[in-house]
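In the part that follows, the structures are each spelled out as structure tokens.
Two complexes come next, and they have one chain in common, subunit A, joined by subunit B in the first and subunit C in the second.
And now, the complex of A and B:
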């Protein structure tokens, strides 16, 4: 399955990226481009990745998370929403779950959104 | 035994994963094991394409074969790129370091080698050969085709 990223801003400082399909080394540049666009625009304090429809993520996806932290600043909070079980396993095996907030659904602190 | 030969480019990763999925299905691997095998082969193939061919300024193909017996499914990935044993790059990764301070090399190899039941590397006649072995469960052995 191909890879797709849908990007939108919410409440001015929250960037929401919805990732669909399979995130491998061939697809990762698409995600990095979206992250670079965010970094060049308004101040982002929260980056939310909606992963409900992401069925596969290789280490290239993990590197994109590191890239996001480096581009947007270490103080940006990173949220992963609705991550599928096999992808969760990869994130936990590599210790990335300690640096991101894993959420079941898209309900950010201090915000009621759907 | 089935084989698949593809160009050593990133576009080949998706068909490689499909090939591995079909083999995992035929061997009756559980979903979790099938996903780990797919990830393992994808990561090493990515390394070969990016470094073994790409950075070394070489071009070549990736050749995959599957072999199934009563107890195991083995996927073999061969390339003619620069000699590279993934196990030598398997240093203890900094899995506890915050993301912004991480060096991100070695993550793929870590996921690959630790995700399969057995990993082997051979260098022979100018070829790298990576072997990924998964144990078949007793149920799969009765139901599978081997």
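And now, the complex of A and C:
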């Protein structure tokens, strides 16, 4: 299954990347490129990865998340939204859950709901 | 402004079948992801040629084989950077060309692909118990490690050695039992789920039995009685010294064992628990001349192994071969390895299996000043790591007390183990030696201090604590070696019936003996080590060598936490007591004199009469007192502690020494009282009413605390 990243900005400081399909070793560079693009500007303070439609993540995928965290630095909060159970497990087993905020749905703190 | 991308060394100079390369960096050895590609560096003292073999992950046949051009070779090293590799999906190995001349020590075979000894991730056996593929010519495969782990603010804890309480455990055994209730039994991740348990137990250091990649299928065979498969379960047989065992990681199938293990280490540190690795630098998984060629044998046999003049393998380890640790090349590898684990994994200490071998010359003769041991002792990276030797080997070199320590090395004190066992099983005339063991063995470690002594009654080798008091003989038939394996000198006693018993008197006696061992262990000077499960009376059904048992003989049954809740509580309160009382944790030996003007020696010996220890060859009673004003060499104020040990089969009355005003004695623990009444929370001790007469039940230990009757916080001179 192919991998797709859809990128959009919201309210100037929040970047939302929707990941669809399987994030395997071949796909990981696409994600890294998107992240590098975001990191080149300095307006982003929140990076939201919507993973509802991501069915699989290889180690390379997880590395891309690690890369995101390290590339964007402490000034940017990283949110993972709607992560599917097998992907959650991988993230927890490798300890990455400590570096991100895991959310069920796309309702960010400080953001009006509804 | 020039940028790094403009550097000339970022451009390839060579091409091989479409793969672009240039001369690589010799350091670091191994395969390293670099800005411009992957750098491969390997050495062999006797090879004539070297070829890098690259695979796409999991595929049987190589992607490409790239011979090292002569200009990429300096000295005996081969280094090459290969560009544009898919680092996530890469596996690599080497073909070494050179002489096949076993009599001269050379076993080069270019038909074989061999593993890089510096491989930092080893794939191919990613899931525990998933067997080798018969036709795969390259079973254990080098992969790349990514050093991008987020350690946050973690660093090694550097807990003072005298404050440690070590818990020796096997990664898989700890949680593999179905009763563990964890999501991924038998893994690094599962240990993480059990950190609250370790914390509540009061241990502040876990010593993990081997976690370097090993092959559980080495020497595997069915149990002749049951047909059940017997494995190389403990893993004292290394495939690669730089790689964590993939099969111990729930994420091994994803190749993420490094991250999972580091996460465990970070979380243990967060909980205040250090991590020691049990490292096996005495032999490898390649066995003798009939064993497989995995790595070292094919890479540089004569360098890595101790060989007889005829080219056969010396066998000081009892397992087929002996690593040639005092060859300078191998010595460097061992140093590189330990530095790597200390720096990259934040490991707090190392326990060296059969460490006496590390002091042997390439000829096998013991060295007076072994360069490897000296190097490790003075290394700047390892400077704060605890180094602990199992100070003997299978070749008859026994160095407990005489291991070349350079002021740095501690030892597994085998004499502590044996003396306590003889004492608690009521052997007469052990008092004098027992006194030495309780004091941190100054007879063995006079200039090295009490922390040179790792005190233990049980360890992975030998009986569990419960089996020590339930079996006179080992029962190792399940190992399929006709009960010939495992130690015969166990100093054990079955308390009247061999194995399980319904007799309430026997059950009670066994419980008391176990409590005696624990009480002595946690009030001795030195570093106490508890074997996994002894706190809940784990049994191996009399098997004293479960090295091949991946089953309930080895696994910790978590139902025992309830079944033996009293013993668990007893252990927890003892560790809490030890942490509370610095007087139990002196770094240096006691002088048995008063050097602070308290009127009491720092440590004094007593018998049935106060101040009159009985050193006669028939005595089984002994008591000691620690003066609280001498805690930590007189720098800290603590309570007084008095421990009376009656190993006689009849009850005895001890005269308790008088305390200075205004202190009085309080009773913390009495192993003669079964159940919860036999011990209390530290600080909530009951007043000892019958001073000076302490009546001790047969075979029991009492621990008293001398303190002010009022709350100690109210006493200005007893500042905390």
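Operating definition for what follows: the second predicted complex is superposed on the first by the 111 of 114 C-alpha atoms of A that agree within 3 Å, B and C clash if a C-alpha of one lies under 4 Å from a C-alpha of the other, contacts with A are read in each partner's own complex, and residues count from 1 in each chain.
FYI, a contact is a pair of C-beta atoms (placed from the backbone, for glycine too) under 8 Å apart; a residue touches a chain by one contact, two chains touch by 3 or more.
Since the structure is predicted, the reported quantities are computational estimates derived from the model, not experimental observations.
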Check the residue A:94 against both partner chains and state whether it touches subunit B (first), subunit C (second), both, or neither. both
Answer with first, second, both or neither: which of subunit B and subunit C does A:25 touch in the superposed model? both
Partner contacting more residues of subunit A (subunit B vs subunit C): B
Touch check for A:74: first (subunit B), second (subunit C), both, or neither? first
Contacts of A:86 with subunit B and subunit C, given as first, second, both or neither: first
Once the shared chain is lined up, is A:63 touching subunit B (first), subunit C (second), both, or neither of them? both
Residue overlap on subunit A between the subunit B contact set and the subunit C contact set? 25, 58-60, 62-63, 66, 69-70, 89-90, 93-96, 98-99
Name, in rising order, each residue of subunit A that touches subunit B in their complex. 1, 22, 24-26, 56, 58-60, 62-63, 65-66, 69-70, 74, 78, 86, 89-90, 93-96, 98-100
Complex contacts: residues of subunit B adjacent to subunit A: 10-11, 13-14, 17, 31-32, 35, 38-39, 42-43, 46, 49-50, 93, 95-100, 102, 104, 107-108, 110-111, 114
Which positions of subunit C touch subunit A when the two form their complex? 86, 88-89, 146, 148-150, 152, 183-184, 189, 249-251, 254-256, 259-260, 262-263, 266-267
Please give the residue numbers of subunit A that touch subunit C in the complex, ascending. 25, 28, 58-60, 62-63, 66-67, 69-70, 89-90, 92-96, 98-99
